[in-house]
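Written below as structure tokens is the structure these notes are about.
Going by the order they are written in, the chains are A, B, C and D; count residues from 1 in each one.
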Amino acid sequence: MQQGLKEKAIQLLKDKTVDRVVGWKAGEFFYDLTPAVFHTPEEIEKDFVFSVFSGANLSKYLIAESRKGGKVAAFLKPCDTYSFQQLLKEHRILRENVYVVGVQCDGTCDIEKIKAAGCDGVTAVREEGDGLVAETLYGEHRMSKKDALLDRCAVCKSHKLVVYDELLGEQGEEQDAGRFAEVEKLERMTPEERYSFWRGELSRCIRCNACRNVCPACSCEKCIFDNPDSGARNKAAADSFEENMFHIIRAFHVASRCTDCGECSRVCPQHIPLHLLNRKFIKDIDELYGEYQAGADMDTKPPLMDFTKGDADPSVVYERGGDKA
Amino acid sequence: MKKLPLSKIDELFKALSAGQKLYIPADDAAGQAKFTVWQEGLALSQKLNTVRSAKDLFFPQVENLVGFKVTGKQIELIESRDPAEPFVLFGVRACDARSFDILDKVFLAEPADTYYKARRENGVVVTMACTRPAETCFCTVFGIDPTEPAGDVSCWMDGESLYWQANTEKGEKLTAGLSMLEDSGEEAVRAQQEKTREILGKLPLKDLNLKGFDGEHMMELFQSPKWASLSESCLGCGTCTFVCPTCQCYDIEEFNTGSEVKRFRCWDSCMYSDFTKMSAGQPRPTQLERFRQRFMHKLVYFPTNNDGMYGCVGCGRCLQKCPISMNIAKVIKTLGEDKK
Amino acid sequence: MNRDPLIPMIGVVTKIRVDTPDVKTFRVVGLDGKKPFVHIPGQCAMLSIPGVGEALFSITSSPTVEEYLEFSIKKCGCVTSWLHAMDEGQQITIRGPYGNGFPVDTDFAGKDLLFVAGGIGLAPLHSVVNYCRHYRSRYGSIDIVYGSRSKEDLVDFQEILDEWCREDGINVHLTIDRAQPEWDGHVGFVPNYVKELGFDTSKTVVMCGPPIMIKFTLAGLMELGFDKKHIYTTMELKMKCGLGKCGRCNIGSKYVCKDGPVFRFDQLDALPDEY
Amino acid sequence: MQVNGEFQPTIVAFCCNWCSYAGADLSGTNRLQYPANVKIIRIPCSCRLNPLFILRAFQRGADGVILCGCHPGDCHYTTGNYYARRRMTLLFSMLDYLGIEKERTRVEWVSAAEGGKFAATMNDFVAAVTKLGPNRRLEDLRCSKD
């Protein structure tokens, strides 16, 4: 797979289809890949990597890259194409300056999960059959790939590439892998249980803003949380209220535009399951206003920028909820 | 040197937490290690290190400085400093222990920061030697020996026992009250150190070369064209800064509670766009300048001002946590290439 | 109270003078009616209004004034707008003094001095000029080149006319950017005027003003043959603590709040140009 | 707020300028009673209500927050309340999801002619929030309540 991507990148550069390529660059270890812009076939040859650790969604970088002049190629995995199309829809990316190479993907891995499984001091990982073999400073360690997948990949919503100029590998299909199961589990809890669950999670937040800055839907030029005139600026949560406020508003601001790419949870240094907030909005929207997948097409209106006269009243919230049972 | 069978470790914790707070690294419900106030039943984390560094205990993320009551044209100062209480910080790794020296250089320099100073004076640091360093560890590059950690007391742990060695007056005083400790020889500790050092010799980053990262090369490093590609995918978040044990930049903010204006300080990050933004202009307009500042500070400016002491301890947290896997090791390697 | 350097004292604004349409000068004393602290010309202080913000301002009055501190402040941001809107008698908070100040008693002693200022850049120089006037015999000749957009924008214009211009051994050269009917003085930008006047290169130069003025005046002085070792300026960057700890006002390894704000140009040349 | 040892909730009511605010006015001129601890904030349209305002109200000491707007279909700006309806539904659901008592937030449609409904709504809401007790899950401990 990696070889195919490299060849494609080199060909695109050589035949001048594009003058640079956005991809993943090798790091110090086998897993710490950094999104990077490659300018020459030599750079591609030397440093381009596509592996189970190419989790980073490159679509947000195209907001800036598509405005730098010239044409840029980007490798997008299925979930990345949803983010890309959503950004196109919001007129944030200049489509004509981007050459999208769609790549099929069967799940990316979370190095922290691998380490947590007892592979500390890991120096290399290779795939063997369905499993992974980790070489560590303290010997070899085997685990199934399923246990190493990023949370978002374990419940992958779609293998379909919704937008591309060229496809490497096969087109896939949308699928139902039960991504709302965890949300449902929370909904079934009592409010007290939910409250203490979320307090436990959100109290770990260090307000590093990684979730916001990585999010393809968070593309405001200036975030309200940075703007002293917004009345909402805060740099650190001085009170638990501010932890709650930040995460409610962050999720709310991307509601109905969030494609559920899962980057927020992937980058959180404190492993807060932020995607469960976004997914709650998605689930509510699906149930109340009809199924909607952000980024799936160019024509539909995001549900929060739309309405019908017969929409449910907010009081519907009182009647719903598992704790009624 | 003293020792204690591990089966009695709760007894030790109980004694340490009598009369003062005891913080130990413990896993929370989601399995994340953090320094937590010990209470009966809390188990020592098996993780190599905490997600957040030990600096929190001396330099918390948010801290009240002072309050103001404003009435008409009058302003009244309201004391709102949290009282400094004695505490024991147990299980600090050698890297974090060194970070306190670095923070001291900043906060204890004249005029000393009295909030930090009070916590430093009230805290007793009990360190724990490493036995299973991770691939991201590179403290040895900065001359730190993780098998011989500094601190008021140094500890070693093997499968059966905890070994305890007081290093300072504060440490001696703490030790004096611990009757469950028995005298011990050093053989077990030396053997363990030997074994750990073997692993240290295999660490992938052990050969990071810091040659040329000094004041003399300040301009050359600052002007390096490589900052552009190093910083190009930086998200401008504060993850590296906030998990870093030596990052110490702060902001002073205010909050109006309705009855009083609370002035507090909180961690800030040079990676943030508003860090240097003034109404009159912005000296670091793009992420390149902000990114460069962070690493120039740790690798060049700080050693220039502090007799060559680097502002990094090689704990590897930024290597593990950066969302885009850009980190100080990559910066050192990339910029260092020019000097070969 | 175990007083931390970050905790300010309460000051009272006893007098507010309108200098220009966007500059006011604030006179500040402590709650006891006395000067809050002793300073060196060129040093700064943190002023704040709780709930609005805190900002660093250079002290305009000379240390030789025993009764109060004065700050000439241009309205440009949040804190300054609030200061401009307030009335006399208002309490504010003040802490300081911060920074190194000008070497008035060492490097400047016995020298011929040339002050070059533009607009509100006169504020930090005002303190030095009056200090030198007070200890007149310690210094050689004093030349002052001061320019602004218009006559109305000349800060401390009345004091300059009434006191500075009338003193022997002080040559004041005023200029404004564009001609005005009631102005019979020089018209033109400061850098050009400095070049036209063509000063002796043995002079020690102290400069403060907008970056563009600094840039061109420096170039002009270089052309005239001045040595960067004898040209001083004062810098301004965003600050929070004033103590060299909060980490944002550095130019390379130097902190403006602690190692500055006064720098010589040969010192700045050895530092990254991030300002 | 405690009055004579009894809890009296602070209620913030965001009222649309065109319908509900006039409705509140009408209930006043009709001398209909509703508790004095309802603080009305007038907004130009129910869709002006940024979710932040609701959180801010809780931070600053509210124990309940209610939004009153024109009946769906009657918006002065034609469609504002339709958007507000979706936003508030999702926000309230999210608050519930975080374990924050859903009874602390409410939306009611009150027209300019419904002075009686306004007073009845407020009486009902105040009673409901009084039953819940003070807001603890979305309060800012730094802010004094009294």
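The working rule: a residue touches a chain if its C-beta (ideal position, glycine included) is under 8 Å from a C-beta of that chain, and two chains touch if they have at least 3 such contacts.
Keep in mind the model is a prediction, meaning the values are calculated, not measured.
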Chain nearest the global centroid, as defined over all protein CA atoms shown: B
CA centroid of chain B to CA centroid of chain C, Å: 39
Chain A-chain B separation of Cα centroids, rounded to whole Å: 30
Length of the line joining the C-alpha centres of chain B and chain D, rounded to whole Å: 46
Interchain centroid distance [CA atoms averaged], chain A/chain D, Å: 36
Of all residues in chain B, the ones touching two or more other chains: 251, 255, 268
Multi-chain contact sites of chain A, meaning residues that touch two or more partners: 238
In chain D, residues with contacts to at least two other chains: 140, 142
Touch-based graph of the chains, sorted into line, ring, star, complete or other: other
Interchain contacts (touch definition) - all pairs: A-B, A-D, B-C, B-D
Chain B-facing residues of chain C, complex: 1-8, 10, 50-51, 53-54, 76-78, 80, 87, 89-93, 236-238, 240-241, 243-250, 252-253, 270-272, 274-275
Residues of chain D that touch chain A when the two form their complex: 51-52, 55-56, 58-59, 72-73, 79, 82-83, 85-103, 105-107, 137-142
Interfacial residue positions of chain A with respect to chain B in the complex: 27-29, 31-37, 56, 61, 112, 115-116, 120-123, 136-138, 200-201, 204, 206-210, 212-214, 226, 234-238, 266-267, 269-271
In the complex, chain B residues that touch chain D: 255, 257-259, 262
Residues of chain B touching chain A in the complex: 28-32, 34, 48, 51-52, 61-62, 132-136, 199, 202-205, 229, 232-233, 235-239, 241-243, 251, 253, 255, 264, 266-269, 272-274, 319-321, 323-327, 329-330, 333
